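What follows is a single structure, written as structure tokens, with notes after it.
Labels for the chains are A, B, C, D, E and F, by order of writing; each one numbers its residues from 1.
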Amino acid sequence: MTSPSPSPTCRIKIINGNTCHPMTVQIDATAQAIKFPQTEIMTVQPETGPESLESFYDEYLAIPGILEQIIFDKNSDAFVIACWGDPGIEAAREITTKPVVGIAEASLYVANMLAAKWSVVTTLHRVRDMVEKTVQKTGLMDRCASVRTTRLSVLDTESDRLNTLKELTSISQLAIYEDGAEAICLGCAGMSGLAKALEDSLGVPVIDSVAAAVKMAESLVSLGKMTSKHLTYRAPERKLIRGYADHFQAENL
Amino acid sequence: MTSPSPSPTCRIKIINGNTCHPMTVQIDATAQAIKFPQTEIMTVQPETGPESLESFYDEYLAIPGILEQIIFDKNSDAFVIACWGDPGIEAAREITTKPVVGIAEASLYVANMLAAKWSVVTTLHRVRDMVEKTVQKTGLMDRCASVRTTRLSVLDTESDRLNTLKELTSISQLAIYEDGAEAICLGCAGMSGLAKALEDSLGVPVIDSVAAAVKMAESLVSLGKMTSKHLTYRAPERKLIRGYADHFQAENL
Amino acid sequence: MTSPSPSPTCRIKIINGNTCHPMTVQIDATAQAIKFPQTEIMTVQPETGPESLESFYDEYLAIPGILEQIIFDKNSDAFVIACWGDPGIEAAREITTKPVVGIAEASLYVANMLAAKWSVVTTLHRVRDMVEKTVQKTGLMDRCASVRTTRLSVLDTESDRLNTLKELTSISQLAIYEDGAEAICLGCAGMSGLAKALEDSLGVPVIDSVAAAVKMAESLVSLGKMTSKHLTYRAPERKLIRGYADHFQAENL
Amino acid sequence: MTSPSPSPTCRIKIINGNTCHPMTVQIDATAQAIKFPQTEIMTVQPETGPESLESFYDEYLAIPGILEQIIFDKNSDAFVIACWGDPGIEAAREITTKPVVGIAEASLYVANMLAAKWSVVTTLHRVRDMVEKTVQKTGLMDRCASVRTTRLSVLDTESDRLNTLKELTSISQLAIYEDGAEAICLGCAGMSGLAKALEDSLGVPVIDSVAAAVKMAESLVSLGKMTSKHLTYRAPERKLIRGYADHFQAENL
Amino acid sequence: MTSPSPSPTCRIKIINGNTCHPMTVQIDATAQAIKFPQTEIMTVQPETGPESLESFYDEYLAIPGILEQIIFDKNSDAFVIACWGDPGIEAAREITTKPVVGIAEASLYVANMLAAKWSVVTTLHRVRDMVEKTVQKTGLMDRCASVRTTRLSVLDTESDRLNTLKELTSISQLAIYEDGAEAICLGCAGMSGLAKALEDSLGVPVIDSVAAAVKMAESLVSLGKMTSKHLTYRAPERKLIRGYADHFQAENL
Amino acid sequence: MTSPSPSPTCRIKIINGNTCHPMTVQIDATAQAIKFPQTEIMTVQPETGPESLESFYDEYLAIPGILEQIIFDKNSDAFVIACWGDPGIEAAREITTKPVVGIAEASLYVANMLAAKWSVVTTLHRVRDMVEKTVQKTGLMDRCASVRTTRLSVLDTESDRLNTLKELTSISQLAIYEDGAEAICLGCAGMSGLAKALEDSLGVPVIDSVAAAVKMAESLVSLGKMTSKHLTYRAPERKLIRGYADHFQAENL
């Protein structure tokens, strides 16, 4: 690596959808460990938004801050939105030509290549409908054996790793033995880093969604692909956006 | 009926999703004209957000302002979100026990009771995917003959009513004669007030989505119904929401 | 009512699909209690047809009598077909330009506005397939958590209210805690009048389908809407209908 | 074949759903020509009901008369309902243990075994929704390339065979070259007898639905199968059926 | 019918997908017992391929041998592929104009005419996904109550009929009482011959898929139908097929 | 490569499903050009099977040869099956624990991350049904705007690049302007190498499926993932496979 080869070929900005710093650190650790040598990872969190996302209210309030991290960006080759719900991803694709990857969709594509049927195991019971809607948006509901929820809040997954592992193990076993799952997608960015331990105890592939998304982002950059600007994801129409700073105004994007 | 019964039985707040005042005025006029005598309508627009919503970016930036209008509210018996896309409706249902009606879903239910198949005729071509996702969320895609888009921006529908009517007529005829639509849903709050003229020229039911939503809101209030707080729509979990004012914090909702 | 205000603005005829008089009385009581002041309700039952509908055979034999109540009608502004199965509703829409509302579809629209997922709780186990077909016809199967059947015949729901309430409570709890329902639709006209008691014990919205249908009918009349006569629901083609009285002949409709 | 085996092994009663005698004669001719030697065909038409079925109103008024032909029957081993819409078939399955075959479902199964995708070509434009609902009930919508309607009334198909053939040819060509159909189902009992001529001119399989249903009925009888009485198709519950003759009462079935 | 009509009107070749001779004998016995008098049955097994098919690997390795039995054929009027998975059926339809029937699809059509919902009860747990894909290919998933697997390998079903019957009984009861099945499709050619005993103990129709397929083949031959050669099933394009004998080469088909 | 860095981290074997050498060379060129530095690509073609796959017959005869390339393999970390149809992929996943990627699924995941809706543009009209089935297997049909076929045989795509480019351009434009595609998936391995030129002329992302699959394989290897052996993809059951060489026998896999 003493070669003069000037710059890394792939700079990925990961945006933690949650404004919880320890989770941002954890996500970064997962990403740094799995990235290809030529990739540079920068993990950030929004300046505004909830500490953790576990309601539609949380998700919608997080989105302006997530988008701001893209608007501010000068150098990245691709973006990863790190919250299993891919909040604001369609808008993100409108405001940049660089590829944007959601950790939910990325983890489902990986699972789809490893198993005939998979389940998503995630946080609080209340998010079941949110998670099902996320799977439906990717178009992959037919391959989903079940969405299984737990008693774990998003912040629990950071603060009590041992209990998180225990709860994820027992609920994943229900997914496998009652619902027919042949792989498990961990449906929360906060669960990043636990896949290996779970895989060892469960005996089926367990997908770390942050790691999966890093690989998808590296893939899109390597393929030289940009987001389609033909119709749905073209740049936002220009108009006044009241109460938002200048950098949010469509003519400045 | 001689009773002094003091107050109106049903106070509905309509929140125009767009921060365009003439549209708010138009929406209010439609609503005041169609409401039952015992209903009181108050039409507002968010303090923050785009003048018109015609991209995912617009929609997501509009949602905090829409929700704020519910948070600030003290007296309403029901809320209508007046943007065909029902932006933020799941979050709205989390932060109030009062019924929340989206104009998109309301117009589809009305169409479903009048016609075997219907089409949505809406604004710019770029919103086709947004509109299809909205129909899918209601669960009614099977009854949808087509989504037809036009060259009309949202603000055009306010500023040039004559051209809007002309364009809507010709595109609706395509929906009827090529796609098999037996009724037309006007897929934009800005098209409110045009249904009667279109119906006369097209000869099939044309649904004004604002009017439809007022009726749905009156219905839910009259039935004494509240939003289910059992699982998906329970109040948001408490946590810090960075960069948002106190009234947005979950513990103050 | 001595006011000069000439006529009520909305006359709704409710047609009990079952020829069971106590049920007709019960349906009328529910409707009278929930109607808007300016609405006039008339509840009738067919002259021919089964006392209660709980098989396809019952449903099909009930339909001519149901349609006859529309054919005989001179003054109504809208019709409600009060049997959860909406028997004959497409034919009803062919023979009148006035809006026709089924209690099944009406209750599902109301549930859809209050809850992310709902279940239908209904009568005998044998009707499960009929009920599923009814939900499918509305296009709302994706939002249906489950169809739950009971040991209750239609006539039981009238004759033994206490046991009916008990059975509905326990089966609804299964729908809520095993199937993920966040609201309950009572899938039988005979269950009208029980929603409030059930709601109190279950803690989720419980929809009285007759009440929901009255609101939908009032809505359509207030909106000034007529059934689309463009294609599917145009008047029946003229031809001899053997063995039916003159008023059934297409040329007399 | 010298055995004295006395009686035919399979007696099929075909019930023309339409009370149009020439069509009954035509249906019988098709059936007699295609039946296996050991089959006995009896073709009847209801005593009550419309001359031809081309609206939901027609279909529902036809059903009591169709069911009566089953109730009156003493000897048949299987029944065929000969109207492409399979009117009343679920009720028919409730009131007899003998197999009941609809000509719509039968023709779709045959098409499904001959072609990857097929279209239904049928009568007046207004029946498109009825025909789509019939395909959906069988569960085979995914294999349906299109439903194509014509200017032909049901009675036209009997009275003007030459024009019927011409119209069916040109519309079937649209189904083949625009919609991707690889076989054609003729969606009306009145079109029975035309498949051969059409097949010669179109070059793809054309299914005569009456002929297909005779084969399905022969198959079920040969297999010794009875309709499942486990749940949906069990005998109707006993109750008073007002205004219907004794033989319609559930306790006499 | 006084003609000396020399030859049988219908010669059906049944190709056991498994190269297990006792199963071929059993399949032949079922077919000979159920065929119409004028039908001639010849049951064969491929020269190459697995003894039993219970993985995708088995299925794909079986297909060349199955197709060879069609290529070699000179006289048959129709073919039946006797493995519940209908392996290679699309290719079979490409290489002959004669009708080809799969035992899976045939059994589902029969079940669909007898019951509102049915389940498939089959062999080892690992084939669940294969079986679901087979049902999906026919387009009938909506009518499928469940796919239930067992501890029975395909060869077990031949070698230990008593235990097979016991296991099928208990698993079918789960399908009926937990999943709502109203009929059972036996999802393996090796289960041929057991339907009658199961039907007696379960009280719902049990479909022998080999018998069902014989009836479908007889039907198609009697109707004079050929496979559509319009698009999907036209003869394979000519090209070199390396490593395959001359009779497999497209120009010799 | 004299560096002590011991071995490449990722060895991918690409198996051209077609036994056409120039296509194998072309596929290899695409893969070598797009791979990460640390990846080693080896591109092979089966010893047996058709020169090109454009019928179900071709696909099924190709599968044993494709599987043999996996059976023979000693060193690869992942496999790519290079034929847009992913022939035999489920069986491939049964006979190795290493990840197996199909070029069809890989290209659809990439398209799904770049565009709201995409179309597959492919070879001869006859393969439309095969291609639709492939999309359905991935579960992504809802995101597919259309499948568009051409007059191009697979071998044409190799032998006449200029005409291929011209035909793909004009048909892709139909997909974009008539069907609403926002990206194009090239549905044939033989089209590898043409994406850049097409993208330049069409202005929307065009996916080279071989390149996409290389990235997916590199991703899975980098993530350290293995195929789930829990249920569907476990190793084939042991049994005699008649007529196949020893290395195909399950006990030798």
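What we mean here is this: a contact is a pair of C-beta atoms (placed from the backbone, for glycine too) under 8 Å apart; a residue touches a chain by one contact, two chains touch by 3 or more.
Computed from a predicted model, the values in this text were never measured in an experiment.
> Taking each chain's centre as the mean of its CA atoms, which one is most distant from chain B?
So the chain farthest away from chain B turns out to be E.
> What's the chain with its C-alpha centre farthest out from chain A?
Farthest by centroid: D.
> Between chain A and chain E, what is the gap in Å from one C-alpha centre to the other?
Chain A and chain E have C-alpha centres separated by 45 Å.
> Please tell me the distance, in whole Å, between the geometric centres of chain A and chain D computed from their C-alpha atoms.
Spacing between the chain centres: roughly 53 Å.
> Which chain D residues sit where two or more other chains touch them?
Touching at least two other chains: 90, 116-117, 128-129, 180, 231-232.
> Which of line, ring, star, complete or other matches the graph of chains that touch?
If you draw each chain as a dot and join those that touch, the picture is no line, ring, star or complete graph.
> Could you run through all the chain pairs that touch each other?
Every touching chain pair, ordered by label, is A-B, A-C, A-E, A-F, B-C, B-D, B-F, C-D, C-E, D-E, D-F, E-F.
> Which residues of chain B touch chain C once you look at their complex with the stated criterion?
For chain B paired with chain C, touching residues are 1, 34, 36-38, 90, 99-101, 105, 109-110, 112-117, 138-143, 176, 180, 182-183, 203-205, 207-208, 211-212, 215-216, 218-220, 222-223, 225-228, 230-233.
> Going by the contact rule set out above, which residues of chain E touch chain A in the complex?
That would be residues 128-129 of chain E.
> Using the touch definition from the top, list the residues of chain D that touch chain C in their complex.
By the definition above, chain D touches chain C via 19, 46-52, 54-61, 63-65, 67, 88, 90-91, 93-95, 124-126, 128-130, 133, 136-137, 153, 155, 231-232, 234, 236-237, 239-244, 248, 250.
> Any idea which chain C residues touch chain A in the complex?
Within the complex, chain C contacts chain A at residues 116-117, 180.
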